[in-house]
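Structures are listed in the sections that come next.
Shared between the two complexes below is subunit A, which has subunit B as its partner in the first and subunit C in the second.
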Partner chain A sequence: MTTMVAGPNLLADLLSGPRPTEWASLREAAELRLAGRELPATREEDWKYTDLKALAGLAFGPAPKATVDISSHLLPEMVGTRQVFVNGHHAPHASCASAVPAGVRYFPMSHASEACHALGSIGNGVAKGLFEDLNTARFQDGAVILVPKNLKVALPLHLLFITKAETPIAVFPRVLVLLERGAELELVEEHHGEGAYLSCPVVEVHVAEGAILRHERVQRESPEAYHLGTLKAEVGKGGQYHSRTLSFGARLSRQQPWVRLAEGAEASLDGLVLLDGAQVADTHSFLHHAEPQASSHQLHKCIVDGKARAIFNGQIRVAPGAQGTDAQQQSRNLLLSETARVDTKPQLEIYADDVKCSHGAAVGQLDPEELFYLQSRGMNADDARNLLTYGFAADVLTHIPVASLRRALRQLVMARTQATSLGDLG
Partner chain B sequence: MLSIKNLTASINGTPVLKGIDLEIKAGEIHAIMGPNGSGKSTLGKVLVGHPAYEVTGGEVLYEGRNLFELAADERARAGIFMGFQHPIEVPGVSNAAFLRLAYNKKAEAEGRDELDPLEFDDFIHEKIKLVAMKEEFLDRSLNEGFSGGEKKRNEILQMAVLEPKLAILDELDSGLDIDALRVLGDAVNKLQRPDRALLIITHFPRILETIQPQFVHVLSGGRILKSAGKELATELEDRGYDWVLEEAAAGGAR
Partner chain C sequence: MSSTLNVVTSQEYKYGFVTDIEADSVAPGLNEDVIRFISAKKGEPDWLLEFRLKAYRHWLTMTEPDWAKVAYPKPDFQKIVYYSAPRPKKPQYASMDEVDPELRRTFEKLGVPIHEQEALAGVAVDVVFDSVSVTTTYREKLATVGIIFCSFSEAVKSHPDLVKQYLGSVVPSSDNFYAALNSAVFTDGSFVYIPKGVACPMDLSTYFRINNKESGQFERTLIVAEEGASVSYLEGCTAPQFDTNQLHAAVVELVALDRASIKYSTVQNWYAGDKDGVGGIFNFVTKRGLCKGKGSHISWTQVETGSAITWKYPSCVLLGDDSIGEFYSVALTNHKQQADTGTKMIHIGRNTKSTIISKGISAGDSSNSYRGLVKVQPKAEGARNFSQCDSMLIGQSCSASTFPYIEVQNRSARVEHEATTSKIGEEQLLYFQQRGIPAEEAISMIINGFCKDVFRELPMEFAVEATKLLSLKLEGSVG
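Presenting the complex of A and B:
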């Protein structure tokens, strides 16, 4: 049975305010595409398991400027490379980019020239998503990062998007990352918040020939928040894009990463989702092997407790002529309660013949052999279970290059997997 | 230390152990040998409480206590250890963190002081020398991506960390080259003391050249067919197992 979405006014409400004056033509085009559209309903295949009915009934006002204490979010490697946005607005006093090397352009979108033609152009030719268009029509601010040719940025950059909603508000964070030929960058993007709000971030990435971007994405929205995010990345010849998306927060979240790989490019698109209560987290990824000899690796893990629900739809397209493609996808899921649920679906479309594609999906409980192994070393059943659950999740964190972030996330995962009593597991 | 009387056990309703009797005293080294599928590994796994096996009869006393009243983790904390033939991989949990946790659980049970990460660091560096393990293996996830030999090395490292009273080593030599086998065999010998006992489960007599047992038992078809001194191992190496089986069959027919 399908569900009709009530409250057709949400989109109209969100668009009712004045259209920001910058990037007028981009916004106008987005609004035109949105005209007459409604929130997706569960009768649409792409939204089958993710019901936006509760969202449709809410009213979100415009986001006021606010100040927040960011001290708990600062990470030592990145104190001098941070741009902070509060309620979608740039927070100059909370930001500090003094340690960013000369040559890197790293500033708020509101300071960028409209001549920044790349905005809104990543993934051109592919239909824009509704929440992507909504962002384009109404984003308040965001970050622009330009790394020039062959510059390898030693320090990671830190983007902090913080939402403080006293009444329900809508925010539209926007990020544009352009790496020129041979450039290298590590980027940490975090979303935090309190209160009830809707966040629709859009991140656009262009990695030019031979450039490398490592992108850590942390979603720790408030338990009452909705997070509907879009990521679009184009990776040039021999370039690399490695992302890891860690979803912990939000009442309902959806991540839609889309990555296009040129010849010989490499991508990894890993994910960790930790859910409990009545949380819903949906990942709909699309990896497009457009040209030959590209490789992609995707490990998506979910731990689901309570009545929570995780959805994974991993689409991989190997275009005609994309010979020598190597695509590997793994969806692994751990259910911690009888009422938790995971819907996972690999979706491979292969139009070339000389390719290596593998995918696997597993949903289940902890392996009794692993439990016994730990018990045979003196751990009681609860400790063994918690340690394995922690390990299942921490596996995704092992290769995070920013040490303080890795530690902080391990602590978070320990707390969420009841492993804190086991002591330091670093 | 360990007294096994008429022990029977099955897996999925199929009997595997059909009446085992065995006495192991402190300071002794016993070897259980036998053809593949004879029930050797099962005996070890039953003793450490593997959940796949059901004990259907008999009794096992460990230091005078009924072993089967103890859960697997309690047996471990009481000093029983099994080095497995196929150790499990646990991604996401570092080897060092796991070893420290295991050490501290046992220390806590014995009323000794637990070690914090720094103290444990010193402690474990002594231990890895004993098994000639490279330091990088401490930071890697537990057994993940380890070769067969590295896993065995890690099992003996765990034994060195936990210092069990009764260690059961299942097919320690599988996956090991000659040099590694000698290193690990020497390590096991160094850990053996008059108040400890060893039960070596092996298909091949090779390992018994390094770890020399006083008692050798041939297990086949879920029963111990023959027990003798270490000279039996040499004989098995020369003649194989068939003659023991034939002898037992003849004895049974009499």
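Presenting the complex of A and C:
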């Protein structure tokens, strides 16, 4: 971290380089919105618990192209369906999309024509976030995925964003996913890295009528990284969007998913956050039930150790006239150390009367009775604690459809919860 | 709701009369001279004038909070009358019979048991009219066990040391915009002191009424329960019907020492404005209890049915080890009413416990929000909180929101929050009607069932009043 020098204004610094020539009008509009703005301060309600002061004093240079060894990230189910981006740039030699069925358009954004006008249009009418605009203004590259009408893609697609920062750099990964009517897709999006860097990814998703997207998101940034991500998803009539976000890395991370549901649409927005040391992880979600008969389900779990802090702000809005809405939200938090901290705020805003909405939040430590029960069966105290901690996390992982990914993540969670000595729980 | 259930026209506000009593008022507006006038009028000691001026100077630097989910025209603080007292026909009353008959009739209409001989058994009442405390009943009887129950102004004169020790000790004068304003201009209120080991033999009660069209009401309540003492305190509020908005910015401070217990119950029925949202009270109140001693206990119970705008968060600071805080609330909004209410439970001591039960009912075009904070500080080993916030929506154009803030910095804490939203179902109504119970009555029964966890915390006569009040307020809103 000593290589970082304090800059006068982080935003201005990040925007100081030349504006890329592609998508110029989109970028210009974003820059206009950013003009004169500063990093949000904790006096702003949305950033009350997440202090960006440490970030404000840093400087990040432009991201150079680099090569990395991706062998440890490959998953057997996804041979021939991956696009790899290193330091924000497409890595053609590491990518391989040969197994993707005909009809699916799956290519780096730098190959897309600007006629791909959906970019930047998801969630129009809703104010753009600062880090979303920053991405729009300066994204280097990213992935475009278009699945045509009624095509059900059998193989999961794999997006790998890897950052290798020898000196502090800023990367702005961008993803656009468009599912036409009745299409189905499974997508795995992973973020890995080493060194000190800032990553501000933006993922835009449009699920048309009756289409289904399953989206697994893994954030394993380097312990010195800042990750400030935005997800915007619009789900059409009767469409389904299911996402699961697993946040393990980064010194400070923020996930900001926004989902709008049309009539009869379904969404799930699950999350698992595992923190240690001085990590801070913030999830600010917004589920907008804009039309009747849609349902949403959210289970957000945090396990916090060391001096780490987890923040959850989950907003559900049921618009006037959105009758028959069914929205369920749970925020569950486990504190493992004396100095860990959780701030959670599940929110309901309801403007229709014929709805079923509930939310719950719980913060605590492991149940002494459960610990006692395991010990009465001959397990030692440490193993009992680790098993229960693992169990707390594992229920978010159970339904990951890609077997090798599920297994890898379970191993990771077992290692993080010191449950490996218990044998294979996968 | 189905068209088979008819819309009955809404019942008008029952307490909307104006009592024509000559009042002793100061011209509208606020400056240091007005504060000096109030202080002089009340013959206050210098330290209290200083307290007011300090609060006023701080208030000038503050801005009105706008984070609550309420929208209203900001009051013009220079148009408010800061002092309005019913002018006595004679300087002193020899007996209750000498009180202005108009005033007595007002209280008869309100059903306040002002006459001692007619008083509800065991209720001692302090009546605050606009800004000034008019009468306090039963005080001699209370004095025999050492309890002080009098108007705030009187307490300043007769027990200045107690007032000086505790005033502003729970809600500092700089706490928030409205608390600062109140600290500068408060005119009267109630003072209660329960000495060590005394269990107050009867419920104490204050009745607040705003009568003057331009007046604001800024009362101040201070209740101190010494070691092992206990008291149950009731507060009721009404106001006449005017087409302008009046401001009510009260401050209530409770202090409970070792093993002391304070139960504070409110039925708030300030005028809510008409069905189009014209007029009504702006109720911007700061209520906070300090569980200062070990094993102390503070319980807030509120039934909020009135006011155009409600901004109110009765809170508990759980400082003493093993102390307990409770908040039981029913908030009902109808027509254009807006309420943003809830509580704060600040766990500082070890093994502190808190319970929050909040029931919000919104009807008409109203907006009803629960906003709460449960904070567990790092030293609050073994802290425990349970919160339940349920909302019921009646009709398609109202809204219900829940904003629970949970901040936990101690791993041994256990904090749970649950919230649900429901409506009165067609099927439920049909079931009642099949058994010969008319829809209006059925709704009233369902609502009472929804609120029973709170109602059972209310003292008996308040529970009866609250039940009636809710059905009255909802008449016509369920179609």
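Quick note on the criterion: the second predicted complex is superposed on the first by the 418 of 426 C-alpha atoms of A that agree within 3 Å, B and C clash if a C-alpha of one lies under 4 Å from a C-alpha of the other, contacts with A are read in each partner's own complex, and residues count from 1 in each chain.
Everything that follows uses one rule, which is that contacts are C-beta pairs under 8 Å (C-beta built on N, C-alpha and C of every residue); 3 or more make two chains touch, one makes a residue touch a chain.
Treat the numbers as computed from the prediction; the structure is a model and nothing was measured.
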Worksheet item: Between subunit B and subunit C, positioned on subunit A by superposition, is the outcome a clash or a fit?
Response: fit
Fill in: Partner chain in contact with A:392 - subunit B first, subunit C second, else both or neither
first
Worksheet item: What is the contact status of A:78 with respect to subunit B (first) and subunit C (second): first, second, both, or neither?
Response: neither
Worksheet item: So, A:355: does it touch subunit B (first), subunit C (second), both, or neither?
Response: second
Item to complete: Return first, second, both or neither, reflecting whether A:383 touches subunit B, subunit C, both chains, or no partner chain.
Response: first
Discussion item. After the superposition on A, what does A:364 contact: first (subunit B), second (subunit C), both or neither?
Written reply: second
Worksheet item: How far apart, in whole Å, are the nearest Cα atoms of subunit B and subunit C in the superposition?
Response: 16
Worksheet item: For subunit A, which residues lie in the overlap of the subunit B contacts and the subunit C contacts?
Response: none
Worksheet, complete the sentence: In the complex, subunit C touches subunit A at residues 67, 376, 378, 391, 393-423
Worksheet item: Which bits of subunit A are touching subunit B when the two form their complex?
Response: 367-370, 372-381, 383-384, 387-388, 390-398, 422-426
Worksheet, complete the sentence: The answer for subunit B against subunit A in the complex is residues 48-52, 71-73, 76-77, 81-82, 84, 87-88, 90-94, 97-98, 100-102, 104-106, 109, 117, 141-142, 158, 162
Practice prompt. Enumerate the contact residues on subunit A facing subunit C in the complex.
Written response: 45, 49, 320-321, 323, 333, 335-365
